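Following are the structures in question.
Across the two complexes that follow, chain A remains constant while its partner is chain B and subsequently chain C.
Moving on to the complex of A and B:
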């Protein structure tokens, strides 16, 4: 008669076997290869790499495949793998100014040195389901325009503004930033730490927070100063060599938001920057990050910090989807010990109310009338 | 499992955690920030406890893992299996008496702990004041000043409204009369077991990146008032399987007509008693 709600080893093993079978799907359909995922579901892989804080398209594709396409689960797999890797060096800052650009747009200038380069973008596509794509043997369109040459120069828009003294300067620092994956964040956090946390934050959360600043929760008048996408070189300085060597290239998207700033007692009116940088080709992510970064600078710039997006503890503590999903989903774990004590507590409180009611029936009757 | 260090974490990480634990033991009840690592189990499923266990355990240890007091709940099985995979030589057990390290979620075993044992609690929310003051920068200040008026007022309001303290689990405790501490979501029934316990009690909150500790033989007082003393709560009944009238009970619904029975939440305690009863009968 005692039906145990407790499961044992066998139950777990069976569940995992079933999961494996479900992941594979119909065996009469060819299995998805990780090359296919890496090559054709690139944005899913980019997102898993960004939120997983690990740049490796091969492993990213494996994670997406193993997670059955679930982005958060894929990022989680990458993070759990990443945590076991040794940290043998910190790279030099990547120079996004020297990016081999595939796409670069500015919303603040019609034309600018280097020009507007649309690149492979969803922008201006009509979102009509393309049924031809569902058929086998679909031949993709061939792009006519060559990619911009390696020598094409793309000076930064924010640099152009800074040249005129209209852009608040960023204070350069050679201090090695703390690593959010190794040290707990304490508040108030530095901007370097904030940007690290935002860089691995959940895209949906960042988007929602950024959107809220546009709708009046937090003062922001943003312009996309520049959005650029392409590959940059990563270099390290090995201790035994003492000079930088290039260890590879990564694809990144960078967004610099330009925001008006009315000025303060010590600063003249000028533009300020919100910064976003992400692995891969995740424009929405980079833009959201830039807006949230700017919102979080409210206190530093002497603005009123009243909106959720301007609240550092609120934003940073709730942006991580691995933390959030774990804690949310842990509600599936048994809680019957706590629930039992809740039951007893509610029963005791009810007993008390009923006892009081029995003791003074008249008062309750009057109150009811 | 090859390719991983003993107990999964690398030695550098273990040392970092042990240093934080030493600080936690030196300042009982104080929340020590630590560089919590991403674990292959989700946050909220015991990553803090797992990291603490991984940092203190050695091949000579005997590990017991319980969830809701039971050794056979899925998460307890999963964590025990994790350590069996990544810590070669480690013995696992379901017996409280045999274990040297006990990782737990939501319970303290009924069998009294002894010197030399280590209790590792999984903690979802180390900050006892978080429902009253969500800003951790501010709660840090309140702890520094030992300013716990907020919590006293909350308990007072509970009593004024409900006639009794409404928190039935995770009831806050004062450790060594200095720091207010979350005992983790154990039922308040278990709170008195923390007081002057001969075992070392370690607490790990992975997602929140905090560790804290109660060294052996430390005073742990459940917060209350002189005229409304703390009363641990337990279902008024006996275990159907072993007959215990003292243990913490789970209520099991047996049908859809209001039928229910009570069984011990501590499976080892209940099993041991059943075995003893059987032996006595023979």
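Moving on to the complex of A and C:
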């Protein structure tokens, strides 16, 4: 059956005009600039950049503003924008060990080289609404400064365990990693592909999956070996130069989760790593990613993979909020033809059932005689 | 021959340094320094400035096999001076003016006659400002370093 789906242009144009006006809000209130969004709603921008898989704080701020603060819509805008740009190069792997550290904590060692550096954290705040922020003329506290002294370097915590032979080493390799933006995911996935998909995955999904492993679905007992946040230099080797150059710095957060490993026939008991790395200052995201990465290594480490977080097809196929929202939200679009056929089918089934019911007493009577 | 190669490597290292410093500078900062510097030679654009993407990579566990973390915007430019010297720039972000200025500076800095004045008036002041910003962040971080005083006195 043909059902017209043309039309509605005026309605759509008017709806978008209203959206534009609604996004602006009360015109007597000053308009939000993208600089204000980038500078003051930093973590919303960081999340949009992470899930949009495109680092550019200015574009991230524009996306957050255009999306009226909706994180998934903002990430969607960034994903769409990136498709308009050519890719010049892939970077050399960033050296997070050389990070200019703003925050670095370890839950496994109290006294470690470099120490526990809290940075600008929400931790230890009382989570009481601060009404002073809502008042006009609010003057923020001033940050203090201290000489870093000899604690200026921050060696990796996992390196301390590796020095004792108690940390399973990572595979030393420069293998070209799989790229989900270029080739569709096939299973079993490589760890590189898993990490890329987790790095751009939905934070809420990653958090839920990570939480499930803590609550017993996947049985892990993780420690935050190290959580560090700061900026790292990004380098590329342009073909025309033939040597590496730095193209700038990006803000990242890295988490190394340490999990006990009972050992296997070939490996002695030791610790293993789950790894999280994300654009921006999103430590909940980096921690969640690290827990899910570790859970997804179950098969590789010879553990029983029975929990949802250990099932890579389940996790990776459902972690992308752009894919998920696209499939979910398409349900709003006209399904008139589909639904007409469903209607026909339900009417036909119903007619059949009614006919059978009408015939049934007769059949009963006949059987009784 | 070996001496030539070593000199080439030293030149590359110096060039890498100024390219890295310029890549961290926006157009306003570069222009402010250029106002105090000898005029740059005129250049023609060979390519760009044009904005594209670089896929940023990390390593599993921080030191393992590479993986793709996500992309970033980058703007590149290549210019040529009248004497044929080619300058390149790759800058994080979308600042086309900064990329063109950086490419023009990269070309001019390759001329040993121009280099000392441009290093002194443009590159070194930009480097100093970047170092100062980095050190300030390190000092702010140091002020949030936890001192376990109670543990030390009760030990």
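Operating definition for what follows: the second predicted complex is superposed on the first by the 347 of 369 C-alpha atoms of A that agree within 3 Å, B and C clash if a C-alpha of one lies under 4 Å from a C-alpha of the other, contacts with A are read in each partner's own complex, and residues count from 1 in each chain.
FYI, contacts are C-beta pairs under 8 Å (C-beta built on N, C-alpha and C of every residue); 3 or more make two chains touch, one makes a residue touch a chain.
This one's a predicted model, so the numbers in the text were calculated from it and none came from an experiment.
Engineer: State whether A:313 touches chain B only (first), chain C only (second), both chains, or neither.
Structural biologist: Once the two structures are laid over each other on A, A:313 reaches chain B alone.
Engineer: Considering only touches as defined above, state whether A:94 meets chain B (first), chain C (second), both or neither.
Structural biologist: second
Engineer: Applying the touch criterion given at the start, work out whether A:86 contacts chain B, chain C, both or neither, answering first, second, both or neither.
Structural biologist: both
Engineer: More residues of chain A are touched by which partner: chain B or chain C?
Structural biologist: After superposing on chain A, more of chain A is contacted by C.
Engineer: Considering only touches as defined above, state whether A:233 meets chain B (first), chain C (second), both or neither.
Structural biologist: second
Engineer: Could you look at A:277 and tell me whether it touches chain B, chain C, both or neither (first, second, both, neither)?
Structural biologist: It touches chain C, and chain B stays clear.
Engineer: What is the contact status of A:301 with respect to chain B (first) and chain C (second): first, second, both, or neither?
Structural biologist: neither
Engineer: If I apply the document's touch criterion, which positions on chain A are contacted by chain B in one structure and by chain C in the other?
Structural biologist: 82, 86, 181
Engineer: Using the touch definition up top, name the residues of chain B that touch chain A in the complex.
Structural biologist: The touching residues are 4, 8, 10, 33-40, 42-45, 47, 67-70, 72-75, 77-78, 81, 105-107, 124, 134-137, 162-164, 166-170, 185-189, 207, 209-210, 233-235, 240-241, 248-252, 254, 261, 263, 265.
Engineer: Once bound in the complex, which stretches of chain A touch chain B?
Structural biologist: 1-4, 6-9, 11-12, 76, 79-80, 82-84, 86, 181-188, 313, 317, 322-323, 325-330, 333-338, 340-345, 348-349, 352
Engineer: Which part of chain C faces chain A closely enough to touch in the complex?
Structural biologist: Where chain C meets chain A, its residues are 12, 16, 19-20, 23-24, 51-74, 76, 78, 88, 90-94, 134, 136-146, 148, 151.
Engineer: Which residues of chain A touch chain C once you look at their complex with the stated criterion?
Structural biologist: Checking each residue of chain A against chain C gives 49-50, 53-56, 58-59, 82, 85-94, 96-97, 100-103, 110-111, 115-121, 143-149, 151-152, 156, 158, 170-181, 191-193, 195-196, 199-200, 233-234, 236, 238, 240-241, 243-250, 252, 254, 256, 273, 275, 277-279.
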